[in-house]
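The next part holds the structures, each set out as structure tokens.
Shared between the two complexes below is chain A, which has chain B as its partner in the first and chain C in the second.
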Partner chain A sequence: MSREPRTFAEVLRMNLGAVTARASVRIVAAFRERSWLIGETVFPFLSMSTFVLVYRGLHAPPAFEAFAVLGGAMIAYWNNVLWSMASQFFWEKEQGQLQLYLITPVSRMSILLGMALGGMLATTTRALVILAAGLWLFHVPFPLDRVPGALGLFLLTLGALYGLGMILSSVFLLWGREAWNTVTLFQEPVYLASGFYFPVRALGTLVASVAGLIPITLGLDGIRQIFYGDAARGFLPLAWIVPIQAALLVVYLFLAHRALLTMENLGKREGRLTIRGG
Partner chain B sequence: MAADGAGIGAKRAWETMRAGAWIGWQVEANWADPFLFLVFAIAKPLSTTLILYLMAKVVSGGAVTPAAFHQLFIGNTFFLYVTEVLIGISWAVFRDREDYETMKYIYVAPIRFLHYLLGRGLTKVATASIGIAFALSFGALVLGVPLRHDPATLAKLLGVTVAGLIGVMWLGVSLAGISLVVARHSITLNEGLSGVFYLLCGAVFPIDVLPSFAQRIALVLPFTYWLELLRRVLTGESYSEILRRVDDMTLGAILVATTIATMIGGYLWFSWCERTARARGLIDWKSNY
Partner chain C sequence: MSAPTKGPAIETAGLTRTFHTRRERDVLALRGVDLRVERGECFGLLGPNGAGKSTLIKILTTLLLPTSGSARVAGFDVAKEPLAVRHRINLVSGGDSSGYGILTVRETLHLFARFYGVPWPEAKRRAEELMEITGLGPKADTRMSGLSTGMKQKVNFARGFMSDPEIIFLDEPTLGLDVEASRAIRSFIARWVRERPDRTVLLTTHYMVEADELCWRVAIIDHGKILALDTPRALKRALPEETVFVVHLAAPPPAGWDAGIAGIESAIQQTHPGTGGAELRLTLREDQVIGEVLGAFRHREIPVLDLTKHEPSLESVFVSLVGRGLDEADAPDAEASA
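This part shows the complex of A and B:
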């Protein structure tokens, strides 16, 4: 008869195992289905190309085309957060998998973290293809010497973004069947609010400030400022963006933990964790 | 006698389409109260309209002529029909086959699945129309897009819209045919196809800025002519230098011809896919991921 792990080292090893296992599934799945590979690289690239050509049709300066290319690459992460983080527990429940997670002796946060890390890695391959193809095909200006600084802010943004995704996964689970439609509702409006294709400053201070709660908004604003300076028409000074993103990361991870507990308790109390289609 | 048979067949087809449309409406709308559903219907067109507005008016500043925004506004707004109807009809196959598991029952009933699908397509036309009507009103009233709205223009608009929509519906039927013979996760390909059309038919930019090989593809797509005609009807102006040389009558004739070709091609393709799906036992396929 095996005993329950008690020492910190044992608990840590078990949870790291859960993180690795969940991340592995995500990475393997991301490369297994060829139609998904095409759907997640070629089609977003075409969508991004459309917005580059809108700028070209409007005779806008080349820097604007670069905004669309960067935004197009970042959209891959937002879509991954929506479709593969936020709605994931709902799909898992529908397939009868959620209950298996709940009876394992690992932290639910480990499973979410594995999901997030696997999603980030898999999505990065898509985003890189979209970015590289955009830069190569449209010859947009892209100062490579500024990549390290942008990369730091990018990683911070991803952390906060996937933290938000962890919160949404609990919330969406409670929404049940509406989750599907809610995901759709969160797509284009967030493309607008986060300024994926234009500097978010254009939305005005109030709207842009509220949109800043979505980490990708300020992350993208800061990354554009790092690459293009004043031409990026930044919303907030770069010096403010880094601490704000760090604060969002901490707050969202805390809230994700609380939301997960609430979801689990509520689901158990109402007997909804094993119900399909509701 | 034969005429009676045809009459009964047409009546059965219409009843099937009507039932399909009603079921489609229930699937689309019964998850939310009317207000939330309205928000859902207008969120996408409103968001894309505002993205383009901000790109054109604010970001590019003085370099942009208002006429350029008017043209891309109309193209983007009406393209919602393509996105919604194309994906909606093909997605209905996956939902009915794998989620609700009802497709096999439709096949054992004395009705044609094609008529049912066309009914489902009509629902998507209706829900897209809500979004488009709102976006057009928003464009005219809030963004100041001057849209002609005299009775003659509205009659022309109706004719051009219906002609284009018939083509869109039958292209959706073609994609539904593909859906019958592929697993559900291939929906990304169907979704992506609307993105390809969005890029190639010049919905939000003149096709003149496309590379020459892409311009050639644009000129065989019915949507290119459809959107150009809609722009001319609503603003009296042409968007593309390439299409400016073609007069309205010729554009209309091309639209009708491409629509008829899409109908015939769609019918033949769907029938072939349907026979293949039945022969391979795919009508109750559940791919489950």
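This part shows the complex of A and C:
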């Protein structure tokens, strides 16, 4: 019989085991099913190339081409959050698998964290491929000495972004069968509102501020500023972006935890956790 | 957290569950279920679709809250102490498959072991053992996406045992499996219970033979109410239908052959003119009386060609209680949505 953990260390070990277990599915999938890799790198790369070529045709500053390359790489994360985080619990329920997770003695946050961590790692390969191809093909300027600072903000952004994905996974589960349409609804508008291919400042203060709730918006804005300074035409000063992203990370993780509890309690009261197609 | 290790494995008192639906009237899926399953028992729950079996299992496995009443599993309240319950249980729902198409059978079993904190060497040993027993061994490195439905179901079944639970809930575990696979699973359950006297199985099934073969006690449930609860033998004995022994003899017995055998309640004899043999249909007060009957034939040197015992089946118990067979019209109830 498996022994119930008694100390905090044992509980932590068990939950970390769950995090790595769930993350491993994503990582194994990323390397075993290479067709996904092609599908998820080629299309963002083509969109990115279009923007780079348009900027080049218009004789825009070289930093603009770099914006498109960085945005193209970051799109992979947004797609991953939508398709593999937000809608994941819904699909798990449809397959009758959600109940298997819910009867396990680990925290639901561990399962979500595992999904997020696995998603981040798997998507990083795709993002790196897009980034490397963009840099290599278009020879955009990329100051390597600024990579450590940009990487710090990038990791903070990813944390907050996947925190948002964790909230959405509970929300989408409660929305039920409309998840697919909802995902589609969120995908394209965010490409625009988050300024994946252009400085988000161009959208105006109001739209850019609202879009800032999606961590990738300010994350991209800040990373561009780290790399290209004033040429990045930043929306908010970098000194503001870091604490905002840190706050979003904390708030989103807290809300994700609350959303999970709400989802589970509501599901248990209304019998929605195991209804398939419902 | 860990405290109760005594008392029944499962205990419910006045358990009710209502489903509120938007379009139709509220559906009462469980109506005051009182149940006590002892530790170490293999307990069967029989009922048609919509009877409330799955709703009851979902409450006991902490997936659903009761509307009223209480339920304790391994001594813990399912509504107030769900985590303590989850450490001690597992669930296998027939017809479901577990895991991801991209993972192999072995990886799937290892994956679920990690959610229960099973140490790696132990998880490895259990996975190999379970794959061997369920016949999944040759498919250990096959991706789940490449398995047949039956094989996927076997993986799901093996997954349920990876945590070596104190109490396992098997909800129609052989649903849709072929005869051979069903037999393998039944023999695994029987062996698991035999080898681990402290473990408990709660099994719901459509197949009467399965319940008869595996379960020590059976509850028959319909429309959310338990209609009868006893050992399969006692349930069958309670029927007006009697056990009949049919004896084929090489020659008709002489008149008065049964003189001195007090336990024979009725004996109907039919001779077969073609073969010169005879068939006797005997109703006995107790099964042991058949020994005296056979002794009487031996004494008179009448060879016994064949002896069969016809008992009322659980199916007939079910029909007498529910008014229809398991495969007939299902209860128009909430189970499909539970």
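The rule is short, and it goes like this: the second predicted complex is superposed on the first by the 275 of 278 C-alpha atoms of A that agree within 3 Å, B and C clash if a C-alpha of one lies under 4 Å from a C-alpha of the other, contacts with A are read in each partner's own complex, and residues count from 1 in each chain.
FYI, contacts are C-beta pairs under 8 Å (C-beta built on N, C-alpha and C of every residue); 3 or more make two chains touch, one makes a residue touch a chain.
The model shown is predicted, which means the values in this text are computed figures rather than measured ones.
Colleague: In the superposed model on chain A, is it clash or fit for chain B and chain C?
Modeller: By the criteria stated at the top, chain C and chain B fit after superposition, with no clash.
Colleague: A:R6 in the overlay: touching chain B, chain C, both, or neither? Say first, second, both or neither.
Modeller: A:R6: touches chain C, not chain B.
Colleague: For the combined three-chain view, what is the angle at the C-alpha centre of chain A formed with the C-alpha centres of chain B and chain C, to the nearest 10°?
Modeller: The three centres form an angle at chain A of 90 degrees.
Colleague: With the two structures laid over each other on chain A, which partner does A:R269 touch: chain B (first), chain C (second), both, or neither?
Modeller: A:R269: touches chain C, not chain B.
Colleague: Would you check which partner chain A:L58 touches, where first means chain B only, second means chain C only, and both and neither mean what they say?
Modeller: Touch status of A:L58: first partner only.
Colleague: Thinking of the overlay built on chain A, is A:E33 touched by chain B (first), by chain C (second), by both, or by neither?
Modeller: In the superposed model, A:E33 contacts both chain B and chain C.
Colleague: Using the superposition on chain A described above, determine whether A:N181 touches chain B (first), chain C (second), both, or neither.
Modeller: A:N181 sits against chain B, while chain C stays out of touch.
Colleague: For A:P141, using the defined touch cut-off, is the partner it touches chain B, chain C, both, or neither? Pick first, second, both or neither.
Modeller: neither
Colleague: Just to be sure I read the superposition right, which of the two partners does A:Y191 touch: chain B = first, chain C = second, or both, or neither?
Modeller: First partner only, chain B.
Colleague: In the superposed arrangement, which partner chain does A:V25 touch: chain B (first), chain C (second), both, or neither?
Modeller: A:V25: touches chain C, not chain B.
Colleague: Under the stated touch criterion, which partner chain does A:L102 make contact with: chain B (first), chain C (second), both, or neither?
Modeller: In the superposition, A:L102 contacts chain C only.
Colleague: Minimum C-alpha distance between chain B and chain C after superposition, to be given in whole Å.
Modeller: The answer is 6 Å, the least C-alpha separation in the overlay.
Colleague: Which positions of chain A sit in both the chain B and the chain C interface?
Modeller: Touching chain B and chain C on chain A: residues 33, 95.
Colleague: Which residues of chain A touch chain C once you look at their complex with the stated criterion?
Modeller: Of all residues in chain A, those touching chain C are 1-6, 10, 13-14, 17-18, 20-21, 24-25, 28-29, 32-33, 95-97, 99-106, 111, 268-271, 273-275, 278.
Colleague: State the interface residues of chain C toward chain A in the complex, per the touch definition above.
Modeller: Residues 1-2, 19-20, 58, 61-65, 83-84, 86-91, 93, 96-100, 102-103, 107, 111-112, 114-118, 159, 163-166, 337-338 of chain C touch chain A in their complex.
Colleague: Mind listing the chain B positions that touch chain A in their complex?
Modeller: So the residues of chain B in touch with chain A come to 31-32, 39-40, 43-44, 47-48, 50-52, 54-56, 58-60, 63-64, 68, 72, 185-186, 188-189, 191-192, 195-196, 198-199, 203-206, 209-210, 288.
Colleague: Taking the touch rule as given, give the residues of chain A at its contact with chain B in the complex, in rising order.
Modeller: 33, 35-36, 38-40, 42-43, 46-47, 49-51, 53-60, 64, 95, 177-178, 181, 184-185, 187-189, 191-192, 196-199, 202-203, 233
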